[in-house]
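Two complexes come next, and they have one chain in common, chain A, joined by chain B in the first and chain C in the second.
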Partner chain A sequence: MYLGCLYVMVALGLTLIYGVLNQINFAHADFVTVGAFAAFFTVTRFATKTLGLPDAGAYLVSLVVALGVGALLGLAINAAVFAPLRERGDELRPLIATIGVSVLLENAQLALFGPIPYQFDSPFARETIRIGRIFFTGQSVLVVAVSAVSIAALYAFMRYTFLGKALRAVAQDRETAGLMGINPGLLIGLTIVIASALAGMAGALLGPVLVLTPFAGASVVVKAFAIVIIGGFGNMQGTIIAGILVGIIEAFTVQYLGSGLIDLVVFVLLLAMLVVRPTGIIAERKEENV
Partner chain B sequence: MKLISRLALACAMGVVSLATLAQDKVIRIGVLMPISGPGSYFGVQDKEGMELALEHLKGMASGYKLQVQYEDSACSPLQATNTVKRVLDQFKPHIVIGEECSDASLAIAPILEQNKVVQLNAGSVTMKLTESGYKYVFRIFPNAEQQSGPLVKVALGHLKAKTAVILHEKTNAGVDNAEGFKKPFEAAGGKVLAVIDFGRDVNDFTSIATRIASLGAVDVLPTFALEGQTVRLAQALAQAKVVKGGGGKGVQMGSIWLPWGFDQKAGQAAEGYVRIVQFDPGENRKMVQDFVKAFKAKYGADRTPSHINAHAYDTVMLVAEAVKRGAKDAEGIREQFSKFKNVEVTTGKITFDPKGQNSDLSVVHFVETQKDLSWKSINWQQ
Partner chain C sequence: MSRRAIYFALAIAAVGALPWLMTTPYWRGILVICAMNVLLALGLNLVLGYTGQLNLGQSAFFGIGAYVTTILVKTYHWNFWLAALAAVAFAGVIGLALAAFAVRLRGHYLAIASLGFAVITYQILVNWESVTEGVRGIYGIMPPVGSTVGLFYLIAGIAVLVYWLMDNLVRSPVGDTLRAIREDEVSAASLGVRSYVWKAFAFSVGSGVGALAGVFYPGFVGTLVPDAFNIIESFTMMAMVIVGGMGTMIGPVIGAVVLTFLPELLRGFGELRLMIYGLALTLVVLFMPGGIVQLVKRK
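== the complex of A and B ==
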């Protein structure tokens, strides 16, 4: 369940960007990794040493820092790379640029942090809760709680706030939204910032679970892509359901079939979905003028 | 004028001869290692070890210049194949050191064999590398059977284990190590309750640990995976109360794969971990202590060299040793390597058997992680 929530946190960012821009962000994994490192250094160098916070407090602070770092990174990269390419009216160049940004971020982190794994421990990961033979950690509970709050907040934002509605309008029809007085460029930027912030915070939650190296995000983002497809491209509710479903399937696969078959099972599910229901679990309703 | 012309010609010929001679007095060492991608974990440490060796030798051996060219093979068989072909064509090495990953090492072996260029391997475990009949392949790293064999003997003889769960990464190396444990353990009457494999991208081991906890009493858990995953696995097994570090009874067993510093990263979960080590930075041998001092002087007093650093250092030292013994080209290096007997290096002694595998395991010994996360050497006969 908690693994599913982590996948949802990562996949939601991808879904948001696709929903508004009709574009895949290949650099998403690296935003997750940046978030994980931001949290790691916040805990080990700043929160405990400089602020003198206890471990639990330091880790919670690092979640907020990772959220902020992710958002700032998204803002910077959108301003420097994606927005200028979009203004040229080109759909392909921003897509290719995401690959370039991914390579840049990965190698920058490799140069800064090196390839040897960092040990990122959360105090919540040390607390174990047992129910019979099943056990889970405090970290799992925290992940589920934070994910639930984040997803609820995002949903509420998209549904009930003016900006959220404007964002949905841009996702539906960018040109018409522009004619209605909405600034599409600003809202696309906001989408990227929100998606990056979510990825950053997902990284902070994943840090104590992952083997923390500059390549850490890649290990989850492949499944996140699968979840986006299974849930339905650009559909938030579908992504949430698909993410939790994949997490549960993964856990059962390990228990009953073997951990070596995880990827096989997930991608068989993906293929099955593409064949049986290509629009995803919850298909997006598209209206056409006949 | 004629005399001047003749003198000028003689001088020019002399200069050309000297230049040619200088060019001839070079041993070209191609190094294929993972510099990019997740495998750069090895590449960075390899390069550190090799640079230290070159510094120690001042880049020379018996008047020959050791010319090293580093190439990225990314732990990928495809990239390694393309890279080695390019290196053979452009650099024309006398010897290639690499690769780290078994799959990539296997990919380049036949190419180097065909080109009669020596391959010196210091990181791959797969039996196939030295069991395929290659004459130009040499390996100083203990193979899967050399690593798993002692684990089985200790599991049965000292730990009195009756049951085991084998955990391994899904690579040639992991599979070979797992088989190297499973077969002799079962042949001696032990029962393997499960063999659990996982990809290098698996991070969460909670489900695996839960599954192992449901299997009943497990005496030993031999694990063959890289450092990062082994840390997470140890922590999950401790939380599941399967292993000693978590209050359980199972003993985790590890191989030479685990570097110095693993225990500190895994924390209390590593308590009671039993493993074999080949390079021990605490070993009293002068060569080891000199290496550790030189490493700290170059890379920082807070750094302790790992076995990856040490093996890489040894590869360059062995090439230099072959040159000191008269090797001038690939054939000469191959010949000298074949004759090596008890050549001392930081990771022990080198005696290559007819298949090119180092057969000397005299420094390989067991250590157990203590409560304070330090190593304690155990004098268990293998």
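== the complex of A and C ==
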């Protein structure tokens, strides 16, 4: 169930990029994986040995490192793919280019780290917290706390700050926003960086939960896509609700049908959603010129 | 003879000569894979290149072709060709069904819906163990023709035939219609083109051709496991179409040939096949949007 919160973090990045750029980033999965690996190496190689931090401190530092690595990767993909392709105004090509980047990143990691899963222990996974008759692992509480804070921060940023307002303006109408003295290129870059940083941190939180391989992120992002569709593209509230919904559905699927069927159930739901209500659970009115 | 006829004669001669230029079993095996990839790329190109729809589900149709044929032959003892025909028709119908609601979706939505379809198909192959044997796989599948060379001639022959048929199709008014939809669907519709009919048609034919390639896959490899039809394979097929040059007939063929042989030639560098695909895909989109064909045409 707490996985739902992580899905929301990943899906929010996707939906943010879609909302502002009208683009899908297929490489988002690899930002998650790269974040997870960055956190893993921070904990095992750097923080505990070089800095001599205690386990818990090292893990928290690694979250920040993953955030930073995700942001850097976002900067890179914006500079390399989205920015140069934006002028040509084609909708298919950037999408295809991000698939290329994704395949490239995934296999570069495979070459570097190998296919054998890494054992990523979080110091919080060992502790349990009891509330009434229900037990939680420390990790799941941490996941919920960190994702809730970052989702809330993102939401507040978009809603109440001037930059957030400018971002929404760019999302609505890039040209008009440009005329109002907003620099769309800069804001688009910012969007991608925020989205990627979130994905990186989600990776660091996921690392100890999933088996950490170069393909770990893919399974999460595939679900994030489903969430984005179910919630409605570019719609933040919808995405949050859909993410938690998918987390719950997943928990029930594991309970009653077996874990092998999770992807099947989620994607049947996705296709059903596309048939019945392609605009997502919270429909956003959009004008279509025909 | 027209120039077209000469090109076709040359292509057939080249196909005939290839197995005698590459005589080791290993390279002949690569040739068979190459012929299958050409078929897959041709099928995808009709959808992606000519109609401008991003179908990420081609790996699923490839898998449907392979599994339906094998199960009909092994479990129900059908004749191979009859089973192959049934598999292609089945994939065509599934493609049509997917297209029936996919035509309402555009660009990104279709990309994700077809990706979802690929994920679902893969999961069914893994989980429906009573029929597909799941991850354990099906073993001891016999090819329709005994020798590798024979199999190559068979698949390459079919590829040339499909190429010829599609070439005629895209030169006909149907091709103009598809291109009109790709360039501007709204304008096409205002000229009386029923775009959803033609999009569904292209989708269905594309999936059928993908399944046709799948028909021969299990016999060639001898075993059948779901992993051969993972979503990543959809990406590699797409890479072939894009790298070669989508929206042209010869482009995807070139792309399939280049991307089949290039990783083999670079095998010394380890398991870099997919990295090459990813890199080629990204670089071509960024710097050479018309693909390899564009380079040749410019001269």
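The criterion applied here is as follows: the second predicted complex is superposed on the first by the 275 of 290 C-alpha atoms of A that agree within 3 Å, B and C clash if a C-alpha of one lies under 4 Å from a C-alpha of the other, contacts with A are read in each partner's own complex, and residues count from 1 in each chain.
Methods note: a residue touches a chain if its C-beta (ideal position, glycine included) is under 8 Å from a C-beta of that chain, and two chains touch if they have at least 3 such contacts.
Treat the numbers as computed from the prediction; the structure is a model and nothing was measured.
**Student:** Look at where chain B and chain C land on chain A after superposing the complexes, then choose clash or fit.
**Tutor:** clash
**Student:** For A:Leu210, is the partner it touches chain B (first), chain C (second), both, or none of the two (neither)?
**Tutor:** First partner only, chain B.
**Student:** Determine, under the contact definition given at the top, whether A:Ile229 touches first (chain B), second (chain C), both, or neither.
**Tutor:** second
**Student:** Would you check which partner chain A:Asp263 touches, where first means chain B only, second means chain C only, and both and neither mean what they say?
**Tutor:** Both partners, chain B and chain C.
**Student:** For A:Pro84, is the partner it touches chain B (first), chain C (second), both, or none of the two (neither)?
**Tutor:** After superposition on chain A, A:Pro84 lies in contact with chain C alone.
**Student:** Check whether A:Leu92 is in contact with chain B, with chain C, with both or with neither, and answer first, second, both or neither.
**Tutor:** A:Leu92 sits against chain C, while chain B stays out of touch.
**Student:** Does the superposition put A:Gln119 against chain B (first), chain C (second), both, or neither?
**Tutor:** After superposing on A, A:Gln119 lies in contact with chain B but is clear of chain C.
**Student:** Could you tell me if A:Leu274 is touching chain B, chain C, both of them or neither one (first, second, both, neither)?
**Tutor:** Touch status of A:Leu274: second partner only.
**Student:** Using the superposition on chain A described above, determine whether A:Leu110 touches chain B (first), chain C (second), both, or neither.
**Tutor:** both
**Student:** For chain B, sort through 7-15, 43-51, 79-87 or 205-213 and name the stretch that clashes with chain C after the overlay.
**Tutor:** Stretch clashing with the third chain: 79-87.
**Student:** Do chain B and chain C land on any of the same chain A residues, and which?
**Tutor:** Shared contact residues on chain A (touching chain B in one complex, chain C in the other): 107, 110, 222, 260, 263.
**Student:** For chain B, which residues are in contact with chain A within the complex?
**Tutor:** Contacts found on chain B: 36-41, 43-45, 170, 196-199, 201-204, 206-211, 213-214, 227-229, 231-232, 235, 239-241, 264-265, 267.
**Student:** Could you list, by residue number, the parts of chain C that touch chain A in their complex?
**Tutor:** By the definition above, chain C touches chain A via 52, 54, 101, 104-105, 107-109, 111-113, 115-117, 119-120, 123-124, 126-127, 186, 189, 232, 235-236, 238-239, 242, 270-272, 274-275, 277-283, 285-286, 289.
**Student:** Under the touch definition given earlier, write down the residues of chain A that touch chain B in their complex.
**Tutor:** 3, 107, 110, 114-117, 119, 121, 125, 128, 133-137, 140, 206, 209-213, 215-216, 218-220, 222, 250-251, 254-255, 258-260, 262-263
**Student:** Within their complex, state which residues of chain A touch chain C.
**Tutor:** 18, 24, 80-81, 84-85, 88, 91-97, 99-108, 110-111, 222, 225-226, 229, 233, 260-261, 263-264, 267-268, 270-271, 274-275, 278, 289-290
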